[in-house]
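In order of appearance the chains are A, B, C, D, E and F, and numbering begins at 1 in each one.
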Amino acid sequence: MPRPDARGDDQLRPVSFTLGVQRGPAGSVMITQGNTVVLCAATVADKVPGWLAAKGRGWVTAEYSMLPGSVSDRAPRKQGGRDQEIQRLVGRSLRAAVDLERLGERLITIDCDVIQADAGTRVASITAGWIALRLAVDGLLRSGGLKVDPIIRQVAAVSVAVVDGWAVLDPVYEEDVDAQVDANFVMSSDGLLIEVQSTAEGLPFSRAMLDTMLDLAGTGTAALFAAQTAALTIRRSTLDE
Amino acid sequence: MPRPDARGDDQLRPVSFTLGVQRGPAGSVMITQGNTVVLCAATVADKVPGWLAAKGRGWVTAEYSMLPGSVSDRAPRKQGGRDQEIQRLVGRSLRAAVDLERLGERLITIDCDVIQADAGTRVASITAGWIALRLAVDGLLRSGGLKVDPIIRQVAAVSVAVVDGWAVLDPVYEEDVDAQVDANFVMSSDGLLIEVQSTAEGLPFSRAMLDTMLDLAGTGTAALFAAQTAALTIRRSTLDE
Amino acid sequence: MPRPDARGDDQLRPVSFTLGVQRGPAGSVMITQGNTVVLCAATVADKVPGWLAAKGRGWVTAEYSMLPGSVSDRAPRKQGGRDQEIQRLVGRSLRAAVDLERLGERLITIDCDVIQADAGTRVASITAGWIALRLAVDGLLRSGGLKVDPIIRQVAAVSVAVVDGWAVLDPVYEEDVDAQVDANFVMSSDGLLIEVQSTAEGLPFSRAMLDTMLDLAGTGTAALFAAQTAALTIRRSTLDE
Amino acid sequence: MPRPDARGDDQLRPVSFTLGVQRGPAGSVMITQGNTVVLCAATVADKVPGWLAAKGRGWVTAEYSMLPGSVSDRAPRKQGGRDQEIQRLVGRSLRAAVDLERLGERLITIDCDVIQADAGTRVASITAGWIALRLAVDGLLRSGGLKVDPIIRQVAAVSVAVVDGWAVLDPVYEEDVDAQVDANFVMSSDGLLIEVQSTAEGLPFSRAMLDTMLDLAGTGTAALFAAQTAALTIRRSTLDE
Amino acid sequence: MPRPDARGDDQLRPVSFTLGVQRGPAGSVMITQGNTVVLCAATVADKVPGWLAAKGRGWVTAEYSMLPGSVSDRAPRKQGGRDQEIQRLVGRSLRAAVDLERLGERLITIDCDVIQADAGTRVASITAGWIALRLAVDGLLRSGGLKVDPIIRQVAAVSVAVVDGWAVLDPVYEEDVDAQVDANFVMSSDGLLIEVQSTAEGLPFSRAMLDTMLDLAGTGTAALFAAQTAALTIRRSTLDE
Amino acid sequence: MPRPDARGDDQLRPVSFTLGVQRGPAGSVMITQGNTVVLCAATVADKVPGWLAAKGRGWVTAEYSMLPGSVSDRAPRKQGGRDQEIQRLVGRSLRAAVDLERLGERLITIDCDVIQADAGTRVASITAGWIALRLAVDGLLRSGGLKVDPIIRQVAAVSVAVVDGWAVLDPVYEEDVDAQVDANFVMSSDGLLIEVQSTAEGLPFSRAMLDTMLDLAGTGTAALFAAQTAALTIRRSTLDE
C-alpha cells in the first residue's frame, strides 16, 4: 500500500539539523524531520536539584512544549498530561546517554519546543536533544569544566505505526491518526534498546508485529545515528578552523 | 538467584480481590498483590466530556493517586507527572477493553487509590480497574441502561524487571529499585498485546531480553485472567441467589 | 420517634478499629463507625515547619480528604473549603492531646482519608486519629527517640444532631441531611470539653437544647474512650509477646 | 483582674457603624469595634450559582480577606485555610437570617475586608455583614424587586475568651493570644443560638465555663442588636427626608 | 465643553490625604481624589528578595488590588493582568524616588488597595504611595535605622484624557470610558518626567496633542506636590509636639 | 559616541521577515531584527470571548512568551508580570489597526514567541504581529469569509533608549541594560501615535529629550512600514502566480 508521501515502509522522512540557532544555550539545534520542526536547547547549571545535592552526581532533565501555532487549531499554552509524559520520556532517554557521576554536580536541561507538529515530535526531540546535549558537553570539555567525557552512548529514537495492518517507519500525521498501533523506540548506536513504548490504539497486536516494528526501528535509528554524526562532524570542523 | 520472597522467576505474588468495598461507586474492588494494595472504583456519569458531546460514543478515563501513608516517607497529596502518566496508561488500557459506541454517551471514571505501595501499583490498577469496570457495566446491563455488553475484551497487566541480568515476573520493591530494566505489559486474554513499556534504568537491553520478558508477561497475565474470572464468578453467584 | 437504624437516641453506631492497615506510617488505623470508614495514618518527621524552627517544640497537623468513591456521586479530588476546615479541626483537637515541648522538634502528620462517608467523618477522624497518634508516639518511646510520653490526654469526638426537634447521638446520613442543628463535640476522657461546634442549619436552638446535646456527647465519648483503650490493649499485648 | 483597656468583663469595646462608605455595592458598612475595623459590602446578582439554578431559591455567601496592612507584620494576599473557614462561618450565619425562598433566584455576596485587625474580626464581620445585607434587601424592597421582606431574623455575633481562668467578653488582641479558650457565638435577637464555636487553646474547659461564656454572649449580642437598630434607624430617617 | 463635574480642563478633582489610618504599617495613608479612594500602606522588611541578597542595596515594590465593593459590579478577588501591570508601574515609579544603596538591605512594600474606584486609581496609588513611603522612611530615620535620607525625589502622578478631541486633566469615570486617548504621567517635583504612558483607545493622536497633555500633567502634579507637602507638614508638627 | 554595532543613532538594526514559517496558523511570520528573533502566528477562531458574545464585533488579542533558550540564563516557562504586560501592549496596539465591527464575531489571537532575545522583543512582536494579522485577514478576504477589509491602519513599533545622555534608536541589549530612559513607541503609517511608553530607569528626563526620542521613533517606524510592505508585496506576487 503506498504511503501518503510515497516513501518505502522502512524509510525515514528527510531529516536535517541546524546547529546554533539560539546563541544563549550551551547547545542549540533545530531538527526538521519532514514537516515536523523542533527546537532543542541544552542549558548547563552548576547546581543540581535539592534531592541530589552533595551526592557528587549530575542530572539531565527535559522540558517539552508545543508552540500555539505548531498545529492547525491553536494549541493552548497550558502544559497538559501528554506534555509531562513526553518530557519525562525525553529526560529518561537522554540520561541513558550519560554517566551522571562523570558529569559532576551539574544540571543539564534540554528544552524541546515544537515549532511545527506533523507526528513524531517526541522522538525528534530525543534525536535532536542528544545533539544539543553533545554540544553542551563539548563546551564543558573545551572550557576545561570537564576533563573526561560523560557521554557514554549515542542515542536516537523513531516512531513506528501499524496502519491497515501494515507496519511503517516514521509515520506522518495522516498515518498517525489512523494507526492501530503507535510505537516509539529509543535505541543506542550499538543496536540495543533504551525504551520501548508500543500502544494498541485500536486492535491489540501480536508479538510477531512487535518484532516487525523492532526491525523497522533498527533501520530508522541506524540512519539517524549517521545523520547525527554528520551534523556534528561539520560543526567540529568549523570550530577547528 | 533466589528472590527476596523465595518465589520462582515466573511466579506472581499472591493476588486477591475484595469486591464491593465501597457502596457508592457502581463498581468497587480492592486488589491485594503481595504488599501492594489498591482500591479501584468505577463511577458512571451520563455525561461525556465536552469534546465528545453528541458523537454517540462514551469514554473511559482513570485517575490515579497514592495515599500519603502508602509509602514509608509520607507521599505529598499533590499530583505529579508520574501520577498523570500512570492514570493516562490506566485509562488507555481500559478503553481497549470497551466498544465505546456500544457504551453510548456515558463517562466511566476509574479511580485508583493506592493504599499501600510495594511495586507494581500501576499494573495492579489496570488488573483491578478492569474488574471495577466489569462490575459497573454489569450494573448497567442489569438495570437495562445497556442492552448489549460493551466490554469486548478481558484486560490485565504485569510488571517484569531485569535484576542482575535476570528477568523476573512481578518484582517486589526491593527488586524494583535495583532493576536494570523496568517493564510493564498490558495484555488481552487471547494473548495479544495492548501496551508494552520497557525502560532501561541502567544498561540498555537486547531484543532477546525483551523476548524473555514478553514470555514472563504471558505467564503472569494468564494467571491474572483466571483470578479475575474467579472473583467475578463468586460475585455473580451471590447476586443470582 | 424511631431512628432509621433502630438505635436508641443515645447510642453510637457500631464502632471498630483495625490497627496497622498500612505498613509505612508510624501509626495506622482504620475506623469503621456504621457505614463510615476512615483510614488514619500518623507519620513522624524530624523536622518542624519553618515558623517553629529552633523553638524546642513539636507540632501535630492533619490532612483530610475524601476518596472519590467514598460517596454516591463521585467526589472530585480537589480539596475545598470544607476539607480545609475539617483538617484544621482535626489538627487542633489532636494537638490538645499532646505536650508539644515534650514532643521535641518533631512534626507528626495525621492523614485522614475517607474510604466511605455516611455522616460523622470528621469526628471519626479525630477518634481514630488519636489512636494513630498514640501508636506513633508508642513507637518513639519504644525506639528511645522519646523518654517521656508527650501524650497528656485521651481525646475522642462525636456528632449530635437535632432532627424533628429531637436530639440524637451519632446521626446517620439520612438524619444528618434533615437536621435542624448539626453539632460536633471533642472531649477528653476526664469529661472536659476541647471543642464545641454547634450550627443551626434551619432553626436557631435554645440553650436547653445545647445542654441536651452536651449530655449525649458525654455518653458517646465515654463509649469511644473505652473502645480506643480496648483496641490499644489488644495491640500492646500482641507486641509484648 | 483588670482588663488591658479597663473594661468590665461583660462590656463590649466601643462599637460604631459607618453606612455607605462605598457607593457601588447595594449595602456598604464599616464597623469599628475598638481597634478592629472591617469594611462589609453586600452585592446583589440576579444569578444564583449553577448548583442552585431553577430551584426558585436564592443564596447568601461571604468572602473574607485581610488587607496586607491590617496587621503589624504584613499579611500576604493569598487566602489561607483560616480565611476560608471564616468566610464559611459568615455566610452560614447570615443565611440563617434569610428566608431563601422569599429572596428568589438572587445571589447576595457579603465581602468582608479587614482594614485593621485587633481580635474579633470574624464576629465583627457577621454583625456588620447583617447590616450590609439589611441595606441591600431594603434597596430591593424600595425598587420593587422584592415585595415581601426575606429577612426573618436579626443576627449578631461576639467573641468570648477565657484568660487566666476568667471569662471575658469581646477580648482585645492582647487577651486573645493568651486565652485558654477562644469562643465565638452567633445569636438571634430573640436570644436563640445560631452557632456556637468554642475551642480549648490550652486547657480543656468545663460545662460550667461554657455556661458562663454563653451568659456573656447574651449580654454582648443584646448590646449589638441595639447598635445595629440605631444605625439603621438613622439611615432610614435620612432616606425618608 | 463643560465637564461632568463642572471643573476646568486643567483642574484636579478635590484631593485629600488621611494619614495613619492603619496602625500596623510603618506608613499608612488614605487618598481621596474625587470619588476615588485608595488606601496605601508601606511595610518595611529587613530582608530583600533572594535575587538582591548581599548586594548592599534595598528594593521598593508595590502590590495593587481592588476591593470587590470598589466598583458597581462586584470585582472578583483574583488578580489579573491589569492589576499586575499597575503594581509594576507603581513600584517602578516609587523606586525612582529612592537611592536604593542608601536604603540598605531593606524591602519596602507599598500595598495599594482601592476602596472606591472612579478613574485614576493607579495615579492616586503613586501619589499616595509616595507619602506612605516618606512616612516609613521617616520612621527609620527617627529610630536610627537609617542615618541618611534615601528619598532623593518627590514623586506624584496624574491622568489626562482626550475626550471629544479635547484634553482634560484628571478625568472622572464618565470621561474615562469615552476617552480617545488615555494617558498617565509620573513626574518629579523639579518638573522632569519619570514615566509617560499614553494610549490611543480610539483614534491615534498627534505629537501636538501629546504636548497639550504634558502641559496639563505639569499643572496637575504641581498641585499634588503642594498637597503632599502640606499633609506631611501637618503630620510632622503633630509628631514634634 | 560610537554604538556597539557601529550604527548611526537613528539607524535600525537589520530587519527581515520570513513569512509562512508555520503551516497551521492563518498568518505566520518570523522577524529577525539584529539578534532578536520572534515568531508570530495569527490564528482565527469563529468564536469571541464570552463578554463580547452577540455584539456583532470581533476581537484581537495577543500572547507573548520567551522560549527558555532565548536568553543566556535559561528563562523559566512560567509567565510573569512582564510577559502579561507585554502581551496586553501587543494586543492593544494591533486592535488599533482593526475596525472590530468589520471583523465580525471572530477572535484573532497573535502568538508571539521569542526565539532569541537581544532587546526590543515587544516592539518586534508588534511590527511582525501586524504582518501576521494582515496575512490572516488576507486569507479571510480570499476565502470570502470577509467582504470588506477590516484593517484600517498599518502599525509598527520601535524602541528608543537614552544612553549616557544620548538618545539612540533600536538599542541592542548592551545599550538597553545601561539606559537611563527606556521608551517604546507604537505608530501608524500616517505618522500618528498609538502608544507612547517612556520610563526613567535611572534619572528623570526632560520634555526636550522626549521630543528627540519621538523624532527617532518617526524615523524608525518609517523604515519598518517600508519593510512590512515589501515583505507582503513579495508574498502576494507569489500567491498571484
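Note that in this section contacts are C-beta pairs under 8 Å (C-beta built on N, C-alpha and C of every residue); 3 or more make two chains touch, one makes a residue touch a chain.
The structure presented is a predicted model; accordingly, all values stated were derived computationally and were not measured.
K.L.:
Provide the labels of all chains in contact with chain D and in contact with chain E.
P.N.:
none
K.L.:
Which chain has its C-alpha centroid at the greatest distance from the C-alpha centroid of chain A?
P.N.:
Chain D.
K.L.:
Do the two copies chain A and chain F share over half of their interface residue numbers, or under half; same or different?
P.N.:
Counting which numbers both chains contribute, over half are shared, so the two copies meet through the same residues.
K.L.:
Quick one: chain A and chain D, Cα centre-to-centre, how many Å?
P.N.:
Whole-Å distance between the two chain centres: 60.
K.L.:
Taking each chain's centre as the mean of its CA atoms, how far is chain C from chain D in angstrom?
P.N.:
29
K.L.:
Between chain B and chain D, what is the separation of their C-alpha centroids in Å?
P.N.:
It comes to 52 Å between the two C-alpha centres.
K.L.:
Of all the residues in chain E, which ones touch at least 2 other chains?
P.N.:
none
K.L.:
Going by the touch rule set out above, what shape does the chain contact graph take here: line, ring, star, complete or other?
P.N.:
Basically the chains close up into a ring.
K.L.:
Which chain B residues qualify as touching chain C in the complex?
P.N.:
Listed in rising order, the residues of chain B that touch chain C are 21-25, 28, 35, 39, 41, 43, 45, 63, 65, 67-74, 77, 79, 109, 111, 113, 115-116.
K.L.:
Show me the residue ranges of chain F that touch chain E in the complex, using the header's touch definition.
P.N.:
Checking each residue of chain F against chain E gives 81-82, 84-85, 87-88, 92, 96, 153, 183, 187-188, 190, 192-200, 203-207, 210, 214.
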